[in-house]
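What follows is a set of structures to go through.
Here chain A shows up in two complexes: once beside chain B, once beside chain C.
Let's turn to the complex of A and B:
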């Protein structure tokens, strides 16, 4: 078989993998929607009270009944679920009760900022992981390795919000290098310079809070790779040390790293929720907290489904990347 | 134990590198990733376990004794000393409401540890029940339950937890349920795997051919055998539960304000931090980090001792 047909077969196999994963995602989405709706249904919270706020005490009963009927709260649970799920399928995500905006509009306004923050944070984490993971494995047992390992294990125990408060106290209030929170200075337009200055601290906090697992993973898998036969072979041929480590050991060590990255999407989402909340970053993750505090069911449900999609997408992308990078990997996951 | 390998072969002694020139290095130069001796690694692991145990003991002592000696809930306020930096009267300062931070943070530590323990136990019981059921019954029920595990894992845990506490607001029960409902999946996987491996053991065949009913086999033979694994998972879940509870409380979605957990205290202190009162977050953060590290260190030590060959599988 020539190389051309092999790679074409590979491409088809990867497409098959994508197709199977998408097919598997359908029941997961269905189950998550049913689960979230069921939680909303058994919740003691009554949306009418939210509609009225404190005016519920002075509203007359006929009005309340009319609003209940308008919001569709008098229908059976199945009818309510059918309406909500039907809306989701046709692209109508409902209206956020706390922000008084269509949910789709909330997502459109906030998602880009979250993507910006998460990508910047992920870039910081990957950079830290590659630099310190490789360095620590290279000089295993040396002072840098000990420091990196100790700091890594220590940081695993530091929640992102503690890190964020510490970073604000030191870099924003103590040293006054960077702004405390928000997307721009008060009243300023969202120019690239403004946003970049305000992005530095949240992205660093998010990246550093995600990095320990990645750093320790790169270090460990590079150490494993350094003990493998092909690395010994490279050494036996007298190749320079940096060639052995960076060209022969590192590529094999980084394959599982892609999978680990994909599997860390849930933690990334969690970290984004906490970091956006502390830094008043106007993204979707901060909207989760806002929706939760206001018991804004349509927004909360849409954001839960969005996060589920992100997790599934993360693991799919990781598997596709692994399958494309390593011809030994079978695509029948 | 005598080690036949001489000390010098694995040190990072780069001084012995002798460059002969022409790109050749002496054979004795240090190679990248020279493995550390196993004995040293084991010693370090033991040290970590011991340090964690001592640290956890100290934290438990602080959590148990201090609120009990001072005021039990850490609710006593001194309006004459609001937001004061550390001083002899208040060694860790006071917060914006005049609480002494040492008393308050210790009370918070107690609440956080108690809630985390309850959550870890609840998740373990739930997960062990699901895992044992899936492993013992097998077939379509096993597949269904494992799909359920995959689905729960597909939603970020904190987000699912936020949804649950948002819809059932402001009670201790909601927090415990939200953590138990999101963290049982790892335990279920571990217990299921254990049950599956037990199913092929001769003593089970013996029990079944001896005429034991399915319920009796499950109760007398399978469940006792998975207890060590389940207990270990409970301890491994502790740091996660601490983390989850403090995160929820920090966001204002967790415990009600009359139960000051470390998360509540940190959440309340955000405004004080912006006023430059760094000491308000210092002690609660330190206690939180130490508690997380001590519980996870202890869990890791126990795991290595109990099941050395399953390290990667049990890594939560």
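Let's turn to the complex of A and C:
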């Protein structure tokens, strides 16, 4: 079999992988939305409270009942779910009760900020992983390796919000290097400079909180790669050490790293929720908490589906990248 | 050709210097702006919505909207979008209001009678699902007599009606489509006639207002208002002392820490903001009028105010606050007198047992008091109440709950409630204690019913003569204190801190709900920077 047909067959196999995953995504989305809806239905919180706010304390019971009827809160569960699902299929995401605006508008206003934060956080995590992972493996057993390994294992057990509060205490309140929270200073407009300064701390916290798994993974797979035959061969040919490590060992070690990155997406989403909440970052993740407390089903369902999509997409991209980079990997199915 | 890889330490150095570049130390400065034309206010709670029909600015001074009338510092009314104060027909059931001409909404459309009619009809129309419907239940219809005159027809005479007209008027175009207001664009993009316009609202973080240069009352001198939301009291105090805020609301003890700060004034507002223990009258223990009267004598109101409110509050005996002096009956109080409380209980047949808890006919003097978990003031007051009740042999068990858990138990267990408006006694007292509101949501949750109280409240509501109204409300207080339905504890003072950069602040009495609307900044449009 020539190389050409092999690569064509490979391309077809990858397309098949994408197709199968997309087909699988449909029932997953269905199950997730039913699950969110069912949880909302058994929650003790009454959405009408959210709608009324403090006005509930002076409202007439009959008026509250009329509002419930008007908002469709008294309809059966199936009817409410059907209304939402029908709207979704026709492109209408519904109205967020807790934010009192259309869900599509909530996403349009907030999603860019979340993407900015998550991308910056991911970049920080990848940078930390490559720098410290490679360094630690290179100088295995050295003081840096021992420190990186110990800190990495320690950080694995620290929830992102603890890290966030600690970072605020040190860098914002103690050293006063960075602002405590928000997208900009109190009175300032959202200029690139302002946003960049306010992005540093949340992005660092998100990146650092995600990095230990990545750092330790890069270190481990680089150590494995360094013991492989082609690396030994390169060393035997007398190539410089940095050429051996960065040119020969690292590429092999980075293959599984892509898969690990994809698998980390759920934690990245969870981390974003906590970090946005602590730093008052105006993204979609912070709206999750608000939506959940208010049983704001349309918003909660949209955000959950969004998170599900991010997770599925993350693992799909990782698998596709691995399949394309390494011909030895079989496409599932 | 092989490129030399960059040494790792160099990469690290680069990363460190990039990070350092973003971390230039800055000194936060208060946003007084050039010559104090802007102000930054720290607020503890964020409005859910900026739509008047969903309750934004329901007590007026909303900054973004104007009502037909608005309050002066002394609670009297002056015309805002109206051309004069509303006039009533002799039977008090029909009120006519002339309208100001030449006023424009912030979207450029003209204000006229159609906007007033649309606003008040939407309040009443179930299709809009307004959360204020109950507060305007007295309106049976509103009609435009001509482009600049409207008439409100009421289903019953209602003396305090002009106070209801502080609600912001929205453009009729925004209400053209009947449907629940939850998706109405006004919720986040207000279109009003008020002294300010919304420049930006970043949910959960801040809200920026800019002066309306075409405001009919003259453009405000403070042209930019930034309201930053910070729930935590200590955070607000910190950001105030750090110079980031120019003004904020703080609990009394934290506000007092600014007493010695040179350029900051501590402001105390009296309020009609009551805290009360609502007692269910269908309960075997609290249903006994003697128990309710004894509890009113057993509680040490001043002690609670000193211990938990930093002394910032006044004792409450009825829902009529001392800030409405013309309506207050001086004799309608309860002495703090444990012996008298015990005497009342003894006479009513509640006998003290071995464990110090009283009982009558085998029923122990026990009941449960619920309070909103997370509200420190309510928790403290509930704890103090329970300890005072225990001292006279009544055992009160406390439960801190979410409202969703309190709601189904209203009417069965006691609950700590709050509320109050300083403008007219009817607004607070009637729904709270009139029997027609018995067990109607959070209105009169204990189903208190007293024909004398009902008659006095009705008299105060139906007559427009100020003298007769004062007589009616004094009679109401005497009838209520003879047979109390609740244990009112205190009217809270609200405390604020404000940087001394502006003049024009006027002391005022706050309603229960404050925030961006009421507070020291209630008349912000007429402030001027001190140069």
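The rule is simple: the second predicted complex is superposed on the first by the 305 of 333 C-alpha atoms of A that agree within 3 Å, B and C clash if a C-alpha of one lies under 4 Å from a C-alpha of the other, contacts with A are read in each partner's own complex, and residues count from 1 in each chain.
One rule holds in what follows: contacts are C-beta pairs under 8 Å (C-beta built on N, C-alpha and C of every residue); 3 or more make two chains touch, one makes a residue touch a chain.
The model shown is predicted, which means the values in this text are computed figures rather than measured ones.
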{"item": "Which superposed partner A:235 touches (first chain B, second chain C, both, neither)", "value": "first"}
{"item": "Contacts of A:159 with chain B and chain C, given as first, second, both or neither", "value": "first"}
{"item": "Touching partner for A:22 - first (chain B), second (chain C), both, neither", "value": "neither"}
{"item": "Partner chain in contact with A:274 - chain B first, chain C second, else both or neither", "value": "first"}
{"item": "Which of chain B and chain C A:150 touches, first, second, both or neither", "value": "neither"}
{"item": "First, second, both or neither for A:176, with chain B first and chain C second", "value": "second"}
{"item": "First, second, both or neither for A:44, with chain B first and chain C second", "value": "both"}
{"item": "Overlapping contact positions on chain A, where the chain C interface meets the chain B interface", "value": "44-45, 138, 173, 180"}
{"item": "Residue ranges of chain A in contact with chain B within the complex", "value": "27-28, 31-32, 35-36, 39-40, 43-45, 137-142, 153-154, 156-159, 161-162, 165-166, 168-169, 173-174, 180, 222-223, 226-227, 235, 240-241, 244-245, 249, 265-267, 269-270, 273-274, 277-278, 288-289, 291-293, 295, 297, 300-301, 303-304, 307-308, 311-312"}
{"item": "Residues of chain C that touch chain A when the two form their complex", "value": "2, 5, 7-8, 11-12, 15, 19, 22-26, 28, 31, 33, 38, 40, 48-49, 51, 54-55, 58, 126-127, 129, 131-135, 137, 180, 182-185, 187-188, 202-206, 208, 224, 226, 228, 238-239, 244-245, 402-405, 407, 417-419, 431, 440-443, 513"}
{"item": "Chain C contact footprint on chain A (complex, rising order)", "value": "44-46, 49-61, 63-64, 66-67, 70-71, 95, 97-102, 105, 127, 131, 134-135, 138, 171, 173, 175-178, 180-183, 185-187, 196-197, 200, 204, 242-243, 246-247, 280, 282, 286-287, 290"}
{"item": "Footprint of chain A on chain B - complex, ascending", "value": "10-12, 23, 25, 29, 31-36, 147-148, 150-151, 153-160, 162-169, 239, 243, 246-247, 250-253, 266, 269-270, 273-274, 276, 278, 281, 285, 288-290, 292-293, 296"}
